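Two complexes follow with chain A in common, the first pairing it with chain B and the second with chain C.
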Partner chain A sequence: MDSRLANTWRLTVNEKKFIETALASDLRIDGRKPLEYRKLTINFGRQVSVPIFRPFFFFFSCWVLSVMEDGSADVQLGHTHVMGFVSSQLVQPYRERPNEGTMSIFTEFSPMADPSFELGRPGESAIELGRIIDRGLRESRAVDMESLCVLAGKLVWAIRIDLHILDNGGNLVDAANVAALAALLTFRRPECSLGGENGQEVVVHPPEAKDPLPLIVHHLPIAVTFGFFSTEYTMVVDPTHSEEAVMGGRMTVTVNASGDICAIQKAGGVGVPQSEIMRCLRLASDKAESITKNIKDAVEAFNTERMLRKIKRHSTAVAANVSIENDVKGQKDKLAGQRVNESSMSQMERLKLKPDESSISQNDGLGSETRSSDQISSQRAEGNAPLFLGGPSSWDPHTHGVDPDFLKASLAAQGKSNPKAEQSSEDSDDDVAMQEKDASEDVKPPSLATDSSETVEEQKTSIVKKTLKDAVKPKNRRRKKTRS
Partner chain B sequence: MMMETDRKDGRTPNQPRMLSCSRNILHRAHGSASWSRGETKVLAAVYGPKAGTKKNEDPEKACIEVIWKPKTGQIGKAEKECEMIMKKTIQSICLLTVNPNTTTSVVVQVVNDDGALLPCAINAACAALVDAGIPMKHLAVAICCCVAEEGSVVLDPTKLEEQQMRGFAYLVFPNSALSALPKGSSLVDGEPLEHGIITSVTHGVMSVDEYLRCVGRGRAACAKLSDVLRRSLQKSE
Partner chain C sequence: METKPSNGSPAKFVDQLVVPGDVILDLSTMAEQTIKLGGGLRQDCDAISVIKAGILRFSKPNKYWVESSQKRYVPCAEDSVLGIVVDCKPDNFLVDIKGPSVAFLPVLAFEGGTRRNIPRFEAGTLIYVRVVKANPGMNPELSCVDATGKAAQYGALKEGLMFECSTGLSRMLLSSPTCPVLETLGKKLPFEIAVGLNGRVWVNAGSPSIVIVVGNAIMKSESLTKVQQKIMAEKLLQRVQQE
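Then we have the complex of A and B:
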């Protein structure tokens, strides 16, 4: 496309004057103070946006689905929207560095972000952005490269970070940096082990077999951008798009929460006195602390959810609305377990807990006991199915959960066999899963509603909400019994 | 009650995945929409009529330009093919003579691909065009139907299912029109408008009967989908 066609948006002289005059009285056009940062929102994985239609047809449901994917982050800084994806691959290392993994950053200024962004070769600002983020991560040794080495000199992990700029509301560097960091923190690479003769063969374990490992990130370098205006040494933090069009110069400081400066970028622009620069560095340190806390909180919340999800995968639990097919049996059904999140009304007729029950029986061999519980549970299934036609609220994360008393009663009613069955199915899982369960036992997730309900006893959509404690406790007791 | 095929996630063969659509999510773009089917999610943005057409385009009509951005990796031939299919589909639903000698660009970003990606993208682009206010004759609704080994038709496959099935078809139908005109006037050759196929892309092997069955099933599913789409677009005005 012709650039003259694309640049249809230009600030008028009046708008420029207005922005500068307002700044002289310490006012910014979006109402912020000159040193105020915009609101930062970090989302992980692919979160489907809130649905907007009611289920007139039971083909379509209106539940909020949040499926989490490792290594993808969605950051919104005011109007600026950036998505980061991290992926990994086994490659040969560089000759000079046979013991280290590699990391590369690809930034895409998508034409959807700004009418002036064009497809094709990245422009100067795209390259500059990529370089700033790269320097911040690589040269400050934020990500541990040596732990990515698999076979020295032969095979190492190459981490690739893709940053997609979706909406340009100003200050792309900061937002993209946060997206890269958030994606790196939640990324999990597959575990691999050496095998074969001489230990020269590398076996990569799929996520179902062995849990993937996180990257080792030593510290978080946060980029803070300042805008300088040609009038009176005015300075603003986190400029918006209109301010960027007016400002005379910019400086980006990459600093981590302990106050170490990782990188400073000031490429030309209006001259700024030394004292101002020092002031900027101090401000950047402060901002970096709060942003680091923001990122860490978001990552914590995501990791908690992921642990819960893992537990669901290992337990042969059924979401009331989803029928588990026969191939759910055994441990290969982790994928299906994830599918469990997708459901619709019509599933209610197909509550098939029998395969679920029978998979438990396979695991622990308590044949007769579990079979009897099969009947109980399937009767329950049939009995309660009619309750749920036409009511999507059972999947709505904002409905209130079931009261724990009812859950305990149902637990007791089904007798020992079920929990025992679950226990042994747990036993056959990785130790890692058990540790995670122990760790998360303290967590009471209200967000559990969005995930499929666990445990065999729960066959009804009404019992979707079950606190983790109810689910986990009996199992732990069982574990000790069966193990000892 | 035996189903023809037991699907991994427990859906019946005739059941599409959970749908979610939202409009006006980007601030700079003139129109934007995100569309997701189960785990497949696509984001589309539209920049409204810009002056001038591209080199070999007809200056007496509006030109549509589609840019497809994959999730990771370089843009290759597969992406170019998707761009071309989408461009032709959108050209047939837009009123091209309203703004001659202009270019409207549609940018599609793949957020996640879990089967039936192209239909998802077409639906997202359609919603984004509505959000941008581009004049159109009618909307387009797209669906993916695949043919299993034994010849049964399955709707809206996931990526795994797509790879396992014998063949699949992406079908795009026009949205049914709510019109004040008397019923018979919008018929084309005696058949209502929404029975026509705007676009059909097939992969794999299937017999003529199987294809026609796919079309029949797809059309029924799209009829429901177009109602839901219309309702959602009207509601969020």
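Then we have the complex of A and C:
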């Protein structure tokens, strides 16, 4: 009880009296006029340099959480400081709305912002704030929900807006609303498409592969809060913290720039005549216009900078020596990403196939080939990066001319692991085996060469057969082979 | 808190930024000296170490403390603070001084205070008080009289506007020579001011507009240098006089 007494913010009698007397002569304690808004500053979180992207691929239960630098806004309204953060994940839609995404708002009132905020359950004001913003955004259908549908009835994007109150200087609703809007406008969700043989498999493209998509926001519902004082219908816009403690009632009007009223919330006990409400609505639409402009300007500036940053990143990637290596890796990652699902499935099959490898099916040869060529390219990329400078086809691990020395070295290592297979297929083409042996003598011990010569042969042919097509879509082909 | 010896040269730390963990004095090298420690310092055996970030201050002959600017106040004896009465109990008034716990103001701690003439403070009254005791683990104790038992300006503040600022700003306002904002404004505008070391400032004047001007000028000067403060205050005065 003692700590609570010390932690609640309280207003002195002097302050209360002063605010009322000053308002009688149209003065407010921070020097504003009654109908003046505080300065609104919007910043965007661009500090995060490495986007964290965690894709998981399953059949129907896709659970993708993307945490990126986009979709985070930091809004300061005078003293009030609110951070909005938007994230998305793939979920199953509600049964009654199978083809619409979902949007939810979560508020966090940190005790750092105001000593009267307590940790744990959200308080009354936290719930009210969340509801007002939720109503403004959802009921007015500001965000296009149908475009968030991936697979009707199965998978939709769920948008989550987190609002963190960092400092409480009064009028949290308006600041939080602007933060939510700014975060929504800059948020980008990863693009996803349907793939797989039945067309029901969802592939989420990482941001490097396909540019993430912005949300479709039809209009911006802006919340404007009015405070009413019991004395002679005195009314102020954008009340500060201490004015909030003195005022008898408040009304939040959510309007968009074109003057459509999206939501009204009236709290507190002071009665307000109809004419006053109409006046508030008119004032609110005026304010909404200027705030909308403010938000749009900030978002535009952010987007321009975003584009510029992207261009810069590309140009450095081409120019720099090391980045070629990265490029090769990126390509491979992309392929690996597409193949993750496939590989998790075929892992089982491969394991099954391992014991009777002596029969060397075409399928298994292909599988081991992809592995080995990956290995080679990574070796090349890491070890011989300078060699690749200006090389014409260094970007693709499958089509570039394979360095025979490396191939043999790596294959020899592989061959060593299952000598049983080699023994069984020793009696094939002797000429080629000898050739291989001669060529590879300088690289590795001859004993290994003889062991693995057959596998080398086998795999070399499959390399020759491969084209660019194989590199792009390996999974269909492989599955066909598995089935056959 | 008193410790015996002191001799070493802490001069290299004085008026410098210190952070928790810095050892500013080594008592084993000093003998036969008394030093007094203020807020933000702690004695670990022979070492005096810092427990909060701020600037180390030294006052001759032997006082050391750490000054920092923060939103919350850590009570310290002999500070003059502005408190808000929270509740009245038979023996004490409970007063909020922005500290970690409410402070007690004994009902008899007024000039000529007896059981017969207990002042009546309603909840929300702003009072200017002095911290008498500030021991860790106990509620701080306040008093409305100075050491000699005189009222000496302490007591309830009527009218006016109280606003909160950081403890650093209130210390700057109290520093001597008078800080430029107050000096410049005080030459042209008549106003009353009471500054509490706990980061509360009370301003009163004949008209609300003067109070608002002074209050905002003070709050703005938090991040300004002395010259900037003076320029800001002069510009403000010009604008006020034009209107």
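In the analysis below, the second predicted complex is superposed on the first by the 285 of 484 C-alpha atoms of A that agree within 3 Å, B and C clash if a C-alpha of one lies under 4 Å from a C-alpha of the other, contacts with A are read in each partner's own complex, and residues count from 1 in each chain.
Simple rule for what comes next: a contact is a pair of C-beta atoms (placed from the backbone, for glycine too) under 8 Å apart; a residue touches a chain by one contact, two chains touch by 3 or more.
Since the model is a prediction, treat every value here as computed from it, not as a measurement.
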item: First (chain B), second (chain C), both or neither touched by A:Thr12; value: second
item: Touching partner for A:Ser25 - first (chain B), second (chain C), both, neither; value: second
item: Chain B versus chain C as contact partner of A:Arg160, first or second or both or neither; value: first
item: Larger contact residue set on chain A - chain B or chain C; value: B
item: Touched partner set for A:Ser110, first chain B, second chain C, both or neither; value: first
item: Which of chain B and chain C A:Glu305 touches, first, second, both or neither; value: neither
item: Which superposed partner A:Glu244 touches (first chain B, second chain C, both, neither); value: neither
item: Which superposed partner A:Met83 touches (first chain B, second chain C, both, neither); value: first
item: Doubly contacted chain A residues - partners chain C and chain B; value: 2, 5-6
item: Chain C residues within the chain A interface of the complex; value: 84, 86-87, 94, 96, 99-102, 122, 124-126, 139, 157-163, 202, 208-209, 211-213, 215-216
item: Chain A-touching residues of chain B, taken from the complex the two chains share; value: 6-12, 15-22, 25-29, 32, 34, 36, 38-39, 41, 43, 45, 47, 50-52, 54, 65, 67, 69, 71-72, 103, 105, 107, 109, 111-112, 158, 160, 221, 224, 227-228, 231-232, 235-236
item: Of chain A, residues touching chain C in the complex; value: 2-3, 5-6, 10-18, 21-22, 25, 27-31
item: List of chain A residues in touch with chain B within their complex; value: 1-2, 5-6, 8, 46, 48-53, 56-57, 59-61, 63, 65, 67, 69, 79, 81, 83, 85, 87, 106, 108, 110-115, 119, 160, 162, 164, 166-169, 241, 322-327, 335-336, 339-340, 342-344, 346-347, 350
